[in-house]
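Report on one structure; see the data block that follows.
Note that the chains take the letters A, B, C and D in the order they are written out, and that residue 1 is the start of every chain.
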Amino acid sequence: MLSQDKRNVIAKRIAQELEDGQVVNLGIGVPTLVPTYLNGKTVHLQTENGLLGMGPAPLEEEIDIDLMNAGKEPVTYLKGASFFNSADSFALIRGGHVDVAVLGILQVDIYGEIANWAVPNQPILGVGGAMDLVTGAKKVIAAATLFAKDGTSKLVKELTYKTSGARRIDLFVSDYAVFSFTDEGVKVVEILEDVTIQELSEKVGFTLEYAHDYVPNR
Amino acid sequence: MLSQDKRNVIAKRIAQELEDGQVVNLGIGVPTLVPTYLNGKTVHLQTENGLLGMGPAPLEEEIDIDLMNAGKEPVTYLKGASFFNSADSFALIRGGHVDVAVLGILQVDIYGEIANWAVPNQPILGVGGAMDLVTGAKKVIAAATLFAKDGTSKLVKELTYKTSGARRIDLFVSDYAVFSFTDEGVKVVEILEDVTIQELSEKVGFTLEYAHDYVPNR
Amino acid sequence: MNKVIESSEIRKYFKSGDQILTGGFGISGTPLTIIDELLETDINDLTIVSNNLGDNGQGLHKLFMQGKIKKAIGSFFTLNREAVIAWSKGELEIELLPQGTLAEAIRSGGAGIGGFYTKTAVGTELAIGKEEKIIDGETYIFEKAIKGDVAIIKAAKSDRLGNLVYHTTARNFNPVMATAAKIVIAEVDEILEVGELNPEHIVTPHAYVDYVIQSKYSKVGSEYVESR
Amino acid sequence: MNKVIESSEIRKYFKSGDQILTGGFGISGTPLTIIDELLETDINDLTIVSNNLGDNGQGLHKLFMQGKIKKAIGSFFTLNREAVIAWSKGELEIELLPQGTLAEAIRSGGAGIGGFYTKTAVGTELAIGKEEKIIDGETYIFEKAIKGDVAIIKAAKSDRLGNLVYHTTARNFNPVMATAAKIVIAEVDEILEVGELNPEHIVTPHAYVDYVIQSKYSKVGSEYVESR
């Protein structure tokens, strides 16, 4: 698959996880593609800098530099939207009022602890809302390709990058498969690519199992 | 003096202490009489239940039961007013953004620590905003008659009633005199009644002194 | 998505022993219709978090008189005579907090804050048993966040999504109560279509609100009267 | 009472070594005119509390490039390339906080809260050296309130008393910054007479605002351009 295709596969699969009426925070990158695949479901997008009810990107001539998302891209707002300050915005996130956060990751361990803020061997000078979202959202879904550009698996036995917090995520939707996390460790919920679970296990470097309630359809 | 006259003397003297443009919180009772004596000075009245810019009592036919002060009396609001929730209202108070709080008291000790919430020998079931105001306002002025109905002085060497907090007040305006408080103890700033400082000392039960910068005018 | 339901439908969201956060200051901003519905249920042993327990025989006062309240957490019960008597007989638990601490503790509960340090009440009877901490040379006490099972609040208007605006000082505790419970039910005077409220003016975003009911009370002179 | 002053008059309210709370997220909601005035002074050694240090060469970036900033407290400096380089050379101190912790710490500073407990960052590098506390079985870390000497903020409109309203996401950190400094200066697009703002819609009550200046920038397409 081409890279853009992979990103779309991930976004489309995540869209399936979202439910009508949910309050959702989308991180930068792949997560921003999710709304394209909602198929009529209404989700309310929150952005950390103070908006619930974010709409799509504006036309070039309709850009208002005041109105942006947390990635500092121009956005619009929809009917039913509301604006609030940063403290109130993070009260929404940290108080558990965001139903789902969809976040990019650098790594996730087999119990669902993620690393998504500090790039190794680079000065750590930005965290933004990453730790607040990991800790505060009711459900956290990671969105990323399974393998980094150097071929290493982002699903790891133990994090080697700096953790984003003790809170474990619920789901990791990658280009190859969907993984769920419980105290018993990671399980494969669904395979999205033309690959067997054995091949996938080899690729990530440890044995993967299906989730009990998952019946593979291939 | 008649009781209502005494109340007016106190209110009038307190009005002199207020400055144009100040944010002021008035407790229930005598403090509510202060606005009558402002003589053209504009002060912005805050009420704990969520209003800055409180106006006078409405006409009977204009009462809106939603719009009340912290004493649950109907009020009005003036141009430039704003409404906010209780947490924001107390953020204003506790964060030091109220310039002056004018509060009724049961007792004040010679260093300015006050008791104004718990009536002795009665169940203590109400505190309201009393402790927040004592602690948070930039300046606290006590407003009360100098003697309780049983003749005992409200200015005391040591509180016998329950304290409202460690914060010491700045000024006590009574019907007899105005008292200021510093680490050196209470001083008489001004005598309002036809009484000498010696007579006043006898009445309260300990020796009172004038503040250094005060020249008595009688 | 339409959060507007019939008032009788809300009864199922309460259960005995619940901690219920209630908006209102006196009667201003009190969800009178919701409280009337609670009166129709057989639940009891409630802990009520509210500044006071109603006023002039209205609001939470009715709930108290029906014996449904086990404990009250608030700042000012002095004028709730029957509650004071019940407390002195050991029939009602009361936890008294300074009004600002009460408001802040509920906001904290809604904002994911476990607790906070305040100077209010330091050295007083209300600080007994509370942890002290010196921060930058000043003494503070620890106050724990407050959360609830259900929040019942009153707003002026809601759209069908649950975005709320309030009317004058009837706002009071309502916006903070709305943030700190598992289930939030708002009683409103007027229900609007989505888009009728200006996004800059919304005080409580819909994310906080689960159900909206039309109030059965309206203001007549200086009173709230059941009218529908 | 009129808080509106000429922009050049504000210079005297700053001094070297000040901790300056600055509103804005990227350029949205940044007080560009106030920052320009600061550039005209000879003050330095400033500690800036702001989410980031400007964007696209505008705002706080200019202040940084002039060498006036000793330390920055914020959440996201990754895209402030020059600042990152200065930091790696030891020429700039940076204190990194999660964005929600930053916002809450400033709100606390303005609300008389000494500090608070949050679950955000527990177990991470940003929790190193921070006190832990277990509340109801969950681990929290202590975060101290943040206050400033001067807050510089941007609003859409002010009346002459200093009541403020904001525009869309340019609101961001501005209302909290406005609460937590000894002196608060607001830059606005439009100045109104007292009474022109609806009391229900005011976001920052005038009690928080000391001085108001007219912005010299206006939006042209997707940019802020100096225009007056």
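Heads up, the rule we're going with is that a residue touches a chain if its C-beta (ideal position, glycine included) is under 8 Å from a C-beta of that chain, and two chains touch if they have at least 3 such contacts.
Every value quoted in this text rests on a predicted model; they were computed, and no experiment measured them.
**Q** Touching chain B and chain D alike: which chains?
**A** C
**Q** Roughly how far is chain C from chain D, centre to centre by C-alpha average, rounded to an integer in Å?
**A** 33
**Q** Where the CA atoms of chain A average out and where those of chain D average out, how many Å apart are those spots?
**A** 29
**Q** Starting from the mean Cα coordinates of chain A and chain C, work out the distance between those two points in Å.
**A** 35
**Q** If you look at chain B, which of its residues touch at least two other chains?
**A** As it turns out, chain B has residues touching two or more other chains at 77, 83-84, 90-91, 93-94, 135-136.
**Q** Give me the residues of chain D that touch two or more other chains.
**A** In chain D, residues 104, 107, 111-113, 118-120, 166-168, 199-200 touch at least two other chains, as defined above.
**Q** Taking touching chains as linked, do they make an open path (line), a single closed cycle (ring), a hub with spokes (star), an all-linked set (complete), or other?
**A** Topology of the interface graph: other, matching no listed pattern.
**Q** I'd like to see which chains touch which, written out pair by pair.
**A** Every pair of chains in contact is listed here: A-C, A-D, B-C, B-D, C-D.
**Q** Where on chain A does chain C make contact in their complex?
**A** Residues of chain A touching chain C: 20-21, 23, 42, 44, 46, 52-53, 77, 79-84, 90-98, 135-136.
**Q** In their shared complex, at which residues does chain C touch chain B?
**A** Interface residues on the chain C side: 25-29, 51, 55, 75-80, 83-84, 87-88, 94, 96-104, 106-107, 118-126, 139, 166-176, 203, 219, 221-224.
**Q** Can you list the chain C residues touching chain A in their complex?
**A** Answer in residue numbers: 1, 107, 109-113, 159, 161, 163, 179-180, 194-195, 197, 199-200, 202, 205-208.
**Q** Which residues of chain C touch chain D once you look at their complex with the stated criterion?
**A** The touching residues are 104, 108, 111-120, 133, 135-136, 138, 140, 144-145, 165-168, 199-201.
**Q** Enumerate the contact residues on chain B facing chain C in the complex.
**A** Touching chain C from chain B are residues 47-51, 61, 63-70, 72, 74, 77, 83-87, 89-91, 93-94, 118, 123-132, 135-136, 162-167.
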